[in-house]
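Here come two complexes built around chain A, the first alongside chain B, the second alongside chain C.
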Partner chain A sequence: MTRRDQWLLWLFLAPTLLLMGVFLYYPMIGTVWESLHQSSFISPDPEFVGAQIYSRVLDDPDFGTILANSLVWTVGVVALQNVLGFAAAMLLNQGLPMQGVLRALVLMPFILPGVVTAILWRFMYDPQLGLVNSLMIRTGLVEDSAAWLADPGTAMAAVIFVAVWKGFPFSMLIYLAALQNVDESQLEAATLDGAGPVRKLFDVVLPAIRHVVLVNIVLTLILTFNYFDIVWVLTRGGPQDSTHIFPTKIYETGFGQFQFGEAATYGVMSILVLAVLVALYVIVERGTSRRRPEA
Partner chain B sequence: MKRLLTTSTAALLLAGPAFAQEVTLQFWDNQQTESGLSQYQQEAVDRFMQENPEIRVEVTTIPYPEYQQRLLTAVQGGNAPDIATLDQIWTGAFAAAGALVPLDERAEAAGVSRDAFFGGAWDSAVYEDGLYGIPFNVDVWQFSFFNRALLEEAGVAPERLATFEGLREAAEALSGEGRFGVGLFGHQGEDTVVVANSFIFSNGGQVLAEDGSCALDEPAAVEALQYLQELSQFAPSGILNASSGDMRELFLNGSLAIEFWPALEQPTLQASDIDWGFAVGTAPEGETPVGTFGGWNLSVFESSEHKDAAWKFIEFLTREDVNGDVVDLIPANVAAAESFLAANREGADRIMAHLENAAPRPLSPHYLQIADAQMDLYQDIYSGAEVAAAAEEACARIDQLR
Partner chain C sequence: MTHTRRTRAAIVAGQILLAAFVLLPFFWMFSVSLKPPSEPFAIPARLWPEDPTLSNYVTAFRPEFRTYFLNSLIVSAASVTICVTLALLAAYAFSRGALIALTALMGMVVLAQMFPHSAIIIPIYKMMRSADLLDTKIALIIAYVSVTLPVAIWMLRGFLVKLPVALEEAAAIDGAHPLRLFWEIVVPLARPGIIATAVYVLIVTWQEFLFALSFTSSKAERTLPVGLNDFIGQYGIRYGELMASSVMVSAPVIAVFFFLQRYFVAGLTAGAVKG
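Take a look at the complex of A and B:
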């Protein structure tokens, strides 16, 4: 590369780097800086306290609850969303009649804004007036109305269900595109070798799309971990903190209680937890793929 | 000719500023709810601008769920408006942050005093002996709105709802066969706090004692909380995620006999088919119910370059002849409230009496954290936790803030 090309390269990169610096790295560094300083709305002059806020947050029983909730929420949504998304993609890849209409219908939840989805499901889950209880009682699944979002024992499952309902079409779209690129000749060869549908799925299809699976899972992991609107509108993190996850805690602490130092600390912690989750998944996936022959 | 045109244009340009508005005030308001209010509010603003041609007012209304965050961000970013309505419970924090202008001297010079307003509302704008707002509108939690037909069917006399024992008996009698006696709710929201507070206040309890320490674990408060726990068995299922709005839905469809709301609920009920009435709060036999104040104050921000003009606008909005036209709660100006209630609410005298006897929420810059601890406490209680222990736990959290 000539000197002139290098100049050109940096010139073209400059606007992007500038925007990322101002809107991404500066706030990120600011958040870390804030987490090392005691400051709130009523005491806006930041006082350097080192790791004191981290120590306070780690000692707070709320932190354990929020960490556990965040893991259950993220793993639950990512697992179910991907399994359901993959199953839907397999189904829609079979050349069913009216496939275009079916795809459009399945995509509907994904198109709805998160807040609209949450309001819709709040009505559906209503213990007295909601459709969910009405259907479950009619079909004999339950005898009495349940307060799905108001019972600490069921609230997280109810919220996860809504997130999966909204999110699985996203995974489905990506899997569908990947499935359409699976080499037909390999599937035909497997059929000739006597492989059944399950064998073909595990030995041909999944190895062929494993990079897409990796991207899909990492993407949904990050998106789900940082989800805010559905949980906030459905439960505000309640009842009794049973659905409080990192984003709702950060919002409540920062904007609800004006405690910026503590909110920033939860923000930094959430990034660390997310980084660990993603790294763990990538390591496990790489380990698995090394033990597996290339498709 | 060309020279004449040039000279005329220059003269017009120079003369321009003399006709222009000298000051533009940015006024932010929580988006109030009563339909058509914005039209009256704009008419009042137009009237102010006619009376004060040198001042122009630009009104921005923001829905409640976003309002606190928008104000906070604006103050932090140095873009605060000149004037804003502040929820009573925010005033302490904004004052402690140095974001508000003390108004004592201006109020004294203009003859604006506590006497003209509801005492509790005025006190909500006082922080460390300084006045940081003028009360704009008020209301009081809670009134027990009841469905007259359901009460008659169950043989419950409406007067009984005003006492602890009477309300409990009524709630029990009104429950069953797909109906619910009492619309208690316990979601993570401020309406949960103000309703529970009114039972604590009415039982002689407090949230914070005079010295600022937590008083929720004192016998009067614990007794009121035990009463609420008992009452909750007659509420619809799922109250831990239910708000006053959810209870309103059930009340309006006839499946809930009693709902708790401030007087603001009346326009909704007047527009419904329900034959309704209301009891003023709930207290032990022989005691007067003490409600919890709610409402908004008008404050001027330190960053404003037009503080005198802003004060002039506040004086105008809280005047007896204007205040009633620009609020959908109840005017904070007592004289304006009397005529507003007579014209717009049923049982005006009873509402006035309840307002005059109401208590504000703790006037603390840490109020939002105190309220958070209270919400957790009420959720624990409605989930069946041992009341005294839960109250002690909440007090430990609250006392840590001092």
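Take a look at the complex of A and C:
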């Protein structure tokens, strides 16, 4: 584009800037504003209350539960999803027949709508009719059918499992693309040096895709932390709040009880927690890469 | 890569296990959707119905379902068209302009894709309420275009920066109007990127649940994910119908994905891998 066409450039950008300004950046600031104002269903006019709602939310034992659940949920899903995604990428990158078909089939959970996924797995977990119990009893893993989603001790694990099932194909996709950039000649050289598959993995493959692993983990961290549909449809945050995470709590408080101030406060807190999580991960990652310089 | 017989067998076994892990729930969903209501699926369940029938599909395709389906179709089609058009224009500006302000704005685009929907939904809800747009498809379309724009711009920009500028420069020297140049040279060349982005927006909007649940209240305006969620309460025990509905909700996106997955996979991975 020439200098003369500069106006055109801004014309092209105008609708996007307008929409993003009004419906992404303004609401971001609006949420902070909401968190400082009290309103309710009975008295809908917001009134400035300063940090009052924050101190109320932070004093509420619910907040600790939500925070702990969110951390378990996020770390669990991200770790399992990336390990499984990487393993699947390795398995489907060996040049064996049927590889292309398998890659496409394995991506299917990623396309399956979230609400469908949740309904399907509610059924899979059903104590009487579900396939999970039926398979576990037949293979002798459990003796009696269990209500995985109704027991506060197992609900979180059951929900994490579903999210990993749906999410790992996305990680696999990114890792598969990254594996295409691993230098074949370096792998061959390592083989000639007598390196086994494990050493090749840690000394050649992982250093070569290190950057992608970082991007992938940060990406899945953000997506997982903000997950709503699967958790809501599977458990509504229950039983006994054992699967309540920030997004389900915000929805319940905001649209179930119409306490916008509380919901917005949880929203602001969730952004802060997410920012800390991402920053922590990036710092730790940087730290380990400095200790172990790339070959 | 070459493998010894034993590692080859181990890899194939791993692949079979992976395929089973992924496909078993799909198979189960499909199988139960074909079971007549008379056939029990309690433990020990038969994996495939003795007497497969489409009767669950006929029952599940009730008037409400048709309304939800049509609503989803309208909302997704409008969101895909508007979002991809706006994102293409913006991505073109971002990939061809050389102003420092643009770099800062692109940073704001990347930052915006991290905004949690649950954290920005209340102010958006209030705006829609003031504009009297609650419980309309327009509210959903506006929200969907806004939240999918950042990733769409990012995907398309990654695509456009790789296109050779020489063609555009030659056409510009020949005196082609910049708008004609954009329409006749850039858009056709960017086709694979446009398709990939459209598939992404479709996948996101077809399944979007939080905004649809919060913004719509009447059966006339609800989309499929919310409608399906309502069915759990209403027809909870009738799993055959629920699974038939689920198959009908998923089939369109899965079909589109299989036709266009080449484009989608290339478009999605380009940015993340290149960084």
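Details
Just so it is clear, the second predicted complex is superposed on the first by the 278 of 295 C-alpha atoms of A that agree within 3 Å, B and C clash if a C-alpha of one lies under 4 Å from a C-alpha of the other, contacts with A are read in each partner's own complex, and residues count from 1 in each chain.
Everything below uses one rule, namely that contacts are C-beta pairs under 8 Å (C-beta built on N, C-alpha and C of every residue); 3 or more make two chains touch, one makes a residue touch a chain.
Here the structure is a predicted model, which means the values were calculated and not measured.
Once the complexes are laid over each other on chain A, chain B and chain C cannot both fit and instead clash.
When the two structures are aligned on the shared chain, A:V72 is found in touch with neither chain B nor chain C. Looking at the shared chain after the overlay, A:N216 reaches chain C, while chain B stays out of its contact range.
In the superposition on chain A, A:F255 makes contact with both chain B and chain C. Shared-chain residue A:D151: touches chain B; no touch with chain C.
In the superposition on chain A, contact is made by A:I42 with chain B only, not with chain C. Shared-chain residue A:G267: touches chain C; no touch with chain B.
By the touch criterion stated above, A:P109 is placed in contact with chain C alone, chain B being left untouched. Of the two partner chains, chain B is the only one that A:T235 touches; chain C does not reach it.
Once the two complexes are laid over each other on the shared chain, residue contacts for A:L206 go to neither chain B nor chain C.
Note on chain A: of its two partners chain C and chain B, the one contacting more of its residues is C.
Superposing the two complexes on chain A places one region of chain C into the space of chain B, and among 56-64, 128-136 or 182-190 that region is 128-136.
Residues 126, 128-129, 145, 255 of chain A are contacted both by chain B in one complex and by chain C in the other.
Per the touch definition, chain A reaches chain B in the complex via residues 41-42, 44, 126-129, 145-147, 149-152, 155, 235-241, 252, 255-259. Listing the residues of chain B that touch chain A in their complex gives 68-69, 72, 75-76, 93-94, 96-98, 180, 186-189, 236-242, 246, 249-250, 253, 255, 365-366, 368-369, 372, 376, 379-380, 383.
Taken in their complex, chain C has these residues touching chain A: 1, 3, 7-8, 11-12, 14-15, 18-19, 21-26, 28-29, 32, 41-45, 86-87, 89-90, 92-94, 96-97, 99, 105, 108-109, 112, 114-127, 142-143, 145-147, 149-150, 153, 172, 178-179, 203, 206-207, 209-210, 213-214, 224-226, 228-229, 232, 239, 242-243, 246, 249-250, 253-254, 257-258, 261, 265, 268-270, 272-273, 275.
Contact residues on chain A toward chain C in their complex (touch as defined above): 1-2, 5-6, 8-10, 12-13, 15-17, 19-20, 22-28, 30-31, 33-34, 87-88, 91-92, 94-96, 98, 102, 104-109, 111-116, 119-124, 126, 128-129, 131, 133-134, 137-138, 145, 165, 169, 173-174, 176-178, 181, 197, 211-212, 215-216, 219, 222, 225-226, 228-229, 232-233, 246-247, 250-251, 254-255, 260, 263-264, 267-268, 270-271, 274.
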